[in-house]
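Quick one: structure below, then a few questions.
As written, the chain order gives the labels A, B, C and D, with residue 1 at the start of each chain.
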């Protein structure tokens, strides 16, 4: 299988869907050259810097039979466009009694590691999880990126595709053939028996590295990747926790009311899972600060494989 | 002590702070008459319908020595103004190395019960809890409304004051004298020993009613009101759960990555509290849908005292 | 272009239908049969009807919080509108939307909208779709003077002009945004002037003169269909009632201003115009038309009342549209 | 108003300081000593310096992602600027902000901003504060041609004009927003035309002619201080480098366009103008000035390098400002 980057897997997904379906087109403030070359400026539509309006236009175009893909690049720029997301896109199908479908894919890069300071380093996916009517995906590998993004574009509903800045250069095997990764299904990225680590995006990769370390210490770590944040696959997460009896959630975002809190709640609310838990669940997240610029500061704020390993040891020693 | 409504308590808080401090002024699209009469149009500043800009202006005015209060009325309209909140207000003090303070109070009504359908019936407070640098309050009584809002206006940081549509007409005793309710301190609204119910805003009132019902069934319910959603007073909540051994969270918002998930995580992550828990925690929240218009539908979506009582019975019968 | 007498009679019928519909909706709202809020379109009927009369079936419109008039002018079914206001399962939105969220995608009515300025980009997206389709459709964005201050207005007009989208931007300048006078929030009186910044025609018309509105809309539609781009049409008009029909709703407008505008009622103006055209309308015909309309509204109310409320569990339907996997 | 020879020499010194600062920042960025991103202001120096020369100390400015030039023109300390770029604890933001977030509230520089259009409302809020203070201060919003399409531009200009805020809106029209040509995103070429919609003066100047910029700014400042309201000044200019200094940054602009604009370099233009004024500048003086500036920049770099990185735990400081209870 060819190896391509996470970033290229996203471009490939969009290109394949645009070839397959003439109603798919993209809004962006900055076109990807290969897409522009292949599909031209009508379907790869470079806009003025008007995220609010081109996101709202996607709602109107979707309601008129198209499948727009809205590319904000950084999620930061999407905060200009929250009315069309929160008040329009995710409510409009329901509000109008289901009379029209609104298939829209929003793409936004999240996370730090870029030394671009607080505005350009954000991981606010949990802000979008509480919005009924919106699906939220966040892949951790090139394979999942292509498969999930294709599923998002084919979905008849608004889907927010968050994509990790840290993983853009990550290479992995991605089939050339058509495939989708189903929205709403978690994936066990590594099997283990002593503790379940649920990681999100980059933290899946860091959790896998931490699992190697722990393996040497005689601890068997199961790594679960939710892949979809809403609707979250609670069944897979709970089954894993019932098996291992322990739960750690690793997230590049801050903890407060985050995806990590939802994952802990999904596990501990369930009587059977709760009963199986041998230790309290534990979050390894970013510190609760905006993201600073200077490398020493930025590195201090984010979780990583070492902090995950420390967290695993803490959970295992709690009784 | 005089009895006034929750809504009037908010107006009184603003009026008192404006009398006390000439740098306090308000941006609104629709002025409250009594405030306009007393303070005039320079300090009660009616704007064009430009939430994005007047919210951003508040950042500039705060950085120039003022203490603006930004009144969006419904939180819905605040989604037009997310850039100045998410990218500017809550990060700017940190991003600029603490060189300037930005005291801004944002006021926004939340919740349903108004039969205004999905756009005008939103409870998205958890969206703002994950934003480091922002404090979030949500009072459940007229007393707390006045005290918290005064504390917010005096705070040197951006504070989001969410206020419950359901409670606007609720009357309660409110001192005429100056007082503040400290930000970051939960309040035990009723003591009990069998189960802790953490309620938010309207759900505090409903939890108190459910507690009466349960009292007749021989169950002693403790009702905890966080009052501040960020930073959340985990200590008070955990101490209560350690005492009662059981936790139910009641929230008018949907559950997913909500304030309710954060509360459950704060309790169950703590080894001592986890050990004290005799049953899994449980959320009683709105159903995971946009809010519908028709009364039969709207009533079905929201939690209420009956559902809290049912939830309490479920937690007590789980073992 | 002057509308034919038949067309004028149809315009009159539609304007009066809006008038009678709003009267009844307000009455039933105050009686507690309609919930939430109602924003009445009375006084502004010539705008919706004048513009929509210049459209074809396939053309699309996007409305505002004050949307009943646009629905009716675009041809929405009164039964399903009234049933929606009554919160019944036979309503346009199965009772999920109410007054601020009526839509009928089959007739190109892409929805009312509770967010001031929120509909302008949506309409612009429909305009882009129309351009990409290449079938000569146009899209219309209705919005108020208040909305013309919102950023989405500026962003949308610039995009539409740059891309030459087949669009009409129709500003219903009724001089107030809720309780706030436009004079206090607009750097200058005429919204149409702003079109200059986008090299777009900006036209001002008497919004209470349906022929003038129709004329401006017809010109703009022709321009749009010819691929020449969008037009901003500012209709100077006035709402008779308060901002909403809530009994608690403030009324800051001077009484004489309201009275003066009532003398410019677009409906009698069209009645008179038709009567002046030899034999095109008699008093009897007009009375008969009004009776028919009132009967039609009554039957819409009867339909609504006879319809069931949705089942509570229906609240869980339609959160998502059926999957394609 | 023509600037005095002394003032012109000071302008020259500031423009050249910006030029040399940007050259060095780019070099050190490419060497890996500066992180994240750098947006160079080279080519546009006359705008920041021309406008800020018309201001008093108490006046305030709000800048963009391309902010180094505005900082220097407003009088920021080069040591603390360079230390911030180097991520050191002695930097303006203690290493928390970096290139896109330098501010110095003491000198009225209210901050660069990473959000296109995000600074315009903030500047307008400073303008409102200036009006409420009543001390005759003015506020300036700098922004690009790209930002002039954002909703915040429209909303802010309308508010400022309606309330007669003491403001300058300075559009740095360098013909591109990142890789996108303004011609493809603006319905018409001149941003200044949009001022008409707000009954506000809209002035176009050659942004590479510092006298012209200074002149327009001086007129606008006088108008603002007199309570007559805001002015939109569009400065036609050009950036010499690519959008950012990232090695991977695309360059879609035609090479001859870039070359042509380099012939309009504002710095030699002012040097020549001064030389033409009997005895106001000699080649030796100019060379000496440049040497001094280069030495100053080197000492700023030395200061940055000698400064410590912040302690990792300092990341937890300054999330909130000290409490008043």
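Following the convention adopted for this analysis, a contact is a pair of C-beta atoms (placed from the backbone, for glycine too) under 8 Å apart; a residue touches a chain by one contact, two chains touch by 3 or more.
Source: prediction; values computed, not measured.
K.L.:
Find the chain most remote from subunit C, comparing centres computed as mean CA coordinates.
P.N.:
Taking each chain's C-alpha mean as its centre, the farthest from subunit C is D.
K.L.:
Which chain pair shares more contacting C-beta pairs: A-C, or B-C?
P.N.:
A-C
K.L.:
Need the CA-centroid distance for the pair subunit A / subunit C, whole Å please.
P.N.:
Centres of subunit A and subunit C (C-alpha means) sit 40 Å apart.
K.L.:
If you average the Cα atoms of subunit B and of subunit C to get two centres, how far apart are those centres in Å?
P.N.:
Result: the chain centres lie 37 Å from each other.
K.L.:
Once you find the CA centre of subunit A and the CA centre of subunit B, what distance in Å lies between them?
P.N.:
Distance between chain centres, rounded to whole Å: 28 Å.
K.L.:
What whole-number Å value describes the gap between the mean CA coordinates of subunit C and subunit D?
P.N.:
45
K.L.:
Provide the list of subunit D residues touching at least two other chains, using ranges where the numbers run on.
P.N.:
Within subunit D, the residues that touch at least two other chains are 93, 95-97, 101, 113-115, 149-152, 155, 158, 162, 184-186, 319.
K.L.:
For subunit A, which residues are shared contacts with two or more other chains?
P.N.:
Only 47-48, 50, 52-53, 76, 80, 83, 87, 94-95, 117-119, 132-133, 288-290, 292 qualify.
K.L.:
Classify the chain contact graph as line, ring, star, complete or other.
P.N.:
If you draw each chain as a dot and join those that touch, every dot ends up joined to every other.
K.L.:
Give the list of subunit D residues in touch with subunit B in this complex.
P.N.:
Counting only subunit D, the residues touching subunit B are 60, 62, 91-97, 101, 103-105, 110-111, 113-115, 118, 120-130, 132-133, 139, 151-152, 155-156, 158-159, 162, 317-325.
K.L.:
For subunit B, which residues count as touching subunit C in their complex?
P.N.:
Touching subunit C: residues 29-31, 33, 46-50, 52-53, 76-77, 80, 114-120, 287-290, 292-301 of subunit B.
K.L.:
Taking the touch rule as given, give the residues of subunit C at its contact with subunit B in the complex, in rising order.
P.N.:
It is residues 35-37, 87-88, 93, 95-98, 100-101, 113-117, 146-147, 149-151, 177-180, 184-186, 250, 309-316, 319 of subunit C that touch subunit B.
K.L.:
For the complex, which residues does subunit B have touching subunit A?
P.N.:
52, 76, 79-80, 82-83, 85-87, 90-91, 94-95, 117-119, 122, 124, 126-133, 230, 232, 253-262, 264-265, 268-271, 273-274, 277, 279-283, 288-290, 292, 318
K.L.:
What residues on subunit C touch subunit D, complex-wise?
P.N.:
Contacts found on subunit C: 149-155, 157-158, 161-162, 184-188, 193-200.
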